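There are structures below to look over.
Shared between the two complexes below is chain A, which has chain B as its partner in the first and chain C in the second.
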Partner chain A sequence: MSPSLGVQVGRLARRSITRTLRQPTIIVPNFVFPLFMLAVVSAGGDQVTDVKGFPTDSYITFVLGATLVQGSAGAATMAGNALGSDISTGFLSRLTLTPIRASTVVIAPLAGVALLGVAQAVVFLLVGLAAGVSVEAGVAGALALLAVVLLMVLAFGAIGLLAAVLTGSAEQVQALVALVLALLFMSSMLMPRNLIEQDWFRTIATYNPMSYLVEATRSLLITGWDVEALAVGCGLAAAAMILALAAAVASLNRSILKA
Partner chain B sequence: MDSSTDRHTTRSRLIPTLPMLAFVAGQKAGAELPVGSQLVVGRDAGAADVVLDEDDQVSRRHAAFSPAGSGLTVQDLGSTNGTFVNGRRLEHATALSAGDRVELGETAIEVRLSDAMVADPAPAAPAAPPQGAPGASALPPNTVEAEDLVKEFRGHRAVDGVSLFVNPGEIYGFLGPNGAGKSTTVHMLTTLLPPTSGTARVAGFDVKTQGGSVRTAIGVALQAAALDPNLDAWEHMDLQTALQGLPKGQRRQRGAELLERVGLTDAAGRRVGGYSGGMKRRLDLALALVHRPRVLFLDEPTTGLDPQSRTALWEEVARLVREEGMTVFLTTQYLEEADIMADRVGIIDHGEIVAEDTPASLKAEIGGATVEVLPLESADFAAVSQVLARFGELVGAAHKGVAVRLPPGVDDLADVIRSLDAESLRVSNVQLHAPTLDDVFLAKTGRSLEGAAGEDPAENGAAQQLTIVPGAPSAVPGQ
Partner chain C sequence: MFARSASIALGIARRSTRKLLKNPLPGLPPMLIPLFMFAAFTGALSALSDTGGFGYYDYTAFQFVFVLYMASMFVGAFSAFEIAADYEGGMGNRLMLAAPQRLAIVVGYLIFAIARFTVAAVVVWAIALAAGLSVRGGPVEIAGLILLALLLNLATTLYGAGVALRLQSIAAGTLILLPLFMALFLSPVFVPREQLSGWLEVVAGLNPLTALMEAGRGLLADDPVSVGLAFALAGGLVLAFTAWAARGMRRAAAGPDAAPRRGPKGRRPQRA
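For the complex of A and B:
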């Protein structure tokens, strides 16, 4: 007898959260490195706010948006590692041999990273508030910020899952760390796109989707309710999540006989 | 024609084509039952399909009858007083012929097989449930069938036309060296890998088109214990019982029952990452049994285990077959495991089955014992070969020596040693060993099974070995 969809999702999500919380060596760096980056970058950046047209007087407020994206990007490796590990240990085979949907098997690892991602965002926001950051969109904006971060966590997590399904290896998923960091630094993380002086850098930042994720989170901190920035950032994240999950499930369905 | 007539016509047409059990003595004397799926006969109304509750000599679950291909097999399920076929007590699953008489307690059953028997064990022609057979279902038999199964990986044929049939209640040993195609075959049979070509049916279901039904019917323990090191055994059980769809009220009980059976109750609260290899294997097996599968696939279940853990696992597998009538498909690269555990063995090499039969029959095919001699001087190789050729047929040697197969019934080393000594040929090692499955593999492929060459021949009790100190005169074993 097949378990109900609720049981499938619930049990696998619980397992995902349990295993995530039991791996402090994975959790701690996800909290520490973005905060470390926030401290280093914001410490030397106050004079940047003097540049004409810079949107805020507080550089830490400006950078916090990127910190939130960096934290959520950690979901890619976490989810990818979790699924890659299940593939290499054969645990995924065990799951696919039960009468549950392949999509549930693939998507469930997102539960743990979603929980962790939101927890990270809360901590980053609290640290920012303690350091003088204000949220222009108010309390509702702060809550919206957490929702945006959750969406990004799910998007990055889905990309990690796809990488794991395609490579079948937790180790190879680690390559995503370098890619994510490179994309983040080549975005509008440190400077608004319109103020980037080098043409080539501005061009890359313009075509780099990471810029729009950063700008969506940043808009709630600096601008208030910027619907366009939120729509573009959230739209990109949602599209990435849907495409990556669909590709991962299709790939898994191709490789096993889920008839 | 109304629907009831139609159903009656369908049953009338199908029943005579199925194997029939005619009860000729005992409680059900006069009854005739078709066997369309496995039929358990026993005293317990809750555990048997055919209940013989008035016969004290019949065990709770006494014997199981199963359709197999176009015939019928019977298996004793560990009964106290035994099951007898034509007066001989059953030791393992046995194919029945028309007219065979099966006796259990005071009950005697005559087997009737029709020429127009249903050859396809698929559920397309289910048997009508026998009268008074609670729980009798139209489940197809616990068989494993493969027909010309092929799996290619980028042009390389890992499995090259494997065809096999595993009877219900049988332990089928799939023996071969690393890379022979054992695990790939298991992955295809368990729906984890789509075949490149060929067909396979497991428990009556097609692995390509009825994957869900196959997965419901099977339990699988793959080569590496598929466990999450961050969870404990209880959490594994909880997850597995829930995902297998067990009702909430039964999950804890079933988990506890299985953990106790594999001896992990005390360790069940510890995270699996700290378990030994044997404990992981046992938990893996327990998880594979959660949903009471009818066919169990074990992919090299004892690789890397210490002898004690290996024996414990063998005992559990034997119990599953004996008491629950499970069919077991066991891959192994250990000769001893195949020899001890398997009712029948399929030997696979380079993706092809090179031999298949019972271990005893395979070894009997080989002939008599083999004497293998390692000359002290490589220059004496030809001379030693000449001497040995007097005693029988020269065969390939597993240990870089010269080997001769003695005629059946001849197993004395003394004559061989004397002949070598008479020719002043010095040897560093002489072995006499009874035919093993390695000899079968050697005979079929010209190579020794990987790993077998390193085995201590004394461990399986099959060999006499005489190691001669270089330079010392030859000696007769035992002296």
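For the complex of A and C:
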């Protein structure tokens, strides 16, 4: 008799968490790089708050929303790398000899990145609070912020898993780093969309889904409980997660597990 | 001996160029990353030029110097990745057997980096001009700006070569790129130094790239500022990293056993 889905996911999730925690060379840059960007962008661009209509006089509070998204976007490469190396090293092929389901293989690697993603968000938030950031939505808002970041981590992780299933290689998943960074910089990360002077850039930022993720996290820091911003950001993240996971499971069923 | 060294240097440059032409994808990131930053910063932050005390004639021109320097430094870093990959794959050791003057190997990669810099500079200039970059400086000032960028490219390639020759692994990539990224962002990127405050103002004042950034912006605006200091600093960086790369080559030539090893309590282990 094969173990239940819960047992299968539990065992592979434990492996995923252990594996993630054993890779300081991956963990450390995921903490350091977003914090460095937060420090230099908020200190270097502080004058932006002088622009008429800017929603806050603390640029670090404004940028922290994007830093949380940048940190969660790291989940794409982490999860993708993990599954990609399982595919390229043949671990997945050996797993197919067991009565495992494709959904287990896809869902379990998210455990490690979810744990790391939340830990990152807590650290970023604490560093921000120490640097003078305030959370407009209060303590409940800070907890909600962590929940929103967790959802984004799962969404980016799912996209990374889909990339790994489609390419079958951990190296090719690395290309996601550049793509995610480019999307983040071309969003409303540095300036609210309504204050962007250049029409072409405002158009790009408006069509760029990353803007809505940034605005969801930022809303809890600056505006308070902005239901519309949260609904759009969380809705996009949830949709991306569901679609990417479904596509990854379908692709895995078609290719590797049936081979 | 000189003819043989020149032939080796040119051979390495030709080989690396052919490799890049066959597979141009790895050549794109050092140009694309700065161009994305250019689009993002000029697109999102142009309102900064309206804030009090900005003082520069155009925000696109202000960002252009940062982007030109970033492209020249990233091209240098990515050329150094080539050294790391060649040494990891064993090619570097075969090159050392053939070269009587081993620095000729580094010179070969430098020629490759200069060729890549030329292409990157043309692309960055062309895109910036198409995006509406306004240039106030004359031909001499623009030549000075390009020369500063070239010196940065040489310094970066030599720095990367020193790291690559010591580590002989493509894992050296992070160690090469991260300090460059940090040095670039610890200079006045978004506003002039006078508008910075707090810790960044202090750090930017100590960062040698700040003088180069200010001189470059001054040259582009036909209002030269600390140009002599900038050239002296850039030349100093090239000399310092030449020594760094030369020591790296000596260490690579001596092989892994030459690395200082220390046993317990800091003593050198006894040889059997």
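One rule holds for everything that comes next: the second predicted complex is superposed on the first by the 255 of 259 C-alpha atoms of A that agree within 3 Å, B and C clash if a C-alpha of one lies under 4 Å from a C-alpha of the other, contacts with A are read in each partner's own complex, and residues count from 1 in each chain.
Operating definition for what follows: a residue touches a chain if its C-beta (ideal position, glycine included) is under 8 Å from a C-beta of that chain, and two chains touch if they have at least 3 such contacts.
Keep in mind the model is a prediction, meaning the values are calculated, not measured.
Per the definitions stated earlier, placing chain B and chain C onto a shared chain A by superposition produces no clash, and the two fit side by side.
When the two structures are aligned on the shared chain, A:Ala178 is found in touch with chain C, with no touch to chain B. Legend: residue contacts after superposition of the two complexes on their common chain; A:Leu126 is shown touching neither chain B nor chain C.
Once the two complexes are overlaid on the shared chain, A:Ala147 sits clear of chain B and of chain C alike. Within the superposed three-chain model, A:Pro99 lies in touch with chain B and out of touch with chain C [touch as defined at top].
Once chain A of one complex is fitted onto chain A of the other, the partner contacts of A:Val40 are limited to chain C, with no touch recorded for chain B. Computed from Cα centres after superposition, the angle at chain A between chain B and chain C reads 90 degrees (steps of 10).
In the superposition on chain A, A:Val7 makes contact with chain B only, not with chain C. By the document's definition of touching, neither partner reaches A:Ile242: not chain B, not chain C. Least inter-chain distance for chain B and chain C in the combined superposition, rounded to the nearest angstrom, is 17, based on C-alpha atoms.
Chain contact summary for the complex, chain B toward chain A: residues 190-194, 207-212, 215-216, 218, 220, 222-228, 230-231, 235, 238-240, 242-245, 271, 287. On chain C, the positions that touch chain A within their shared complex are 29, 32-33, 36-37, 39-48, 50-52, 54, 174, 178, 182, 185-186, 188-191, 195-200.
On chain A, the positions that touch chain B within their shared complex are 1-3, 7-8, 11-12, 15, 18-19, 22-23, 86, 89-91, 93-100, 255-259. The touching residues of chain A, counted against chain C in their complex, run 29, 36-37, 40-41, 43-48, 50-51, 178, 181-182, 185-186, 188-191, 195-198, 200-201, 204-205.
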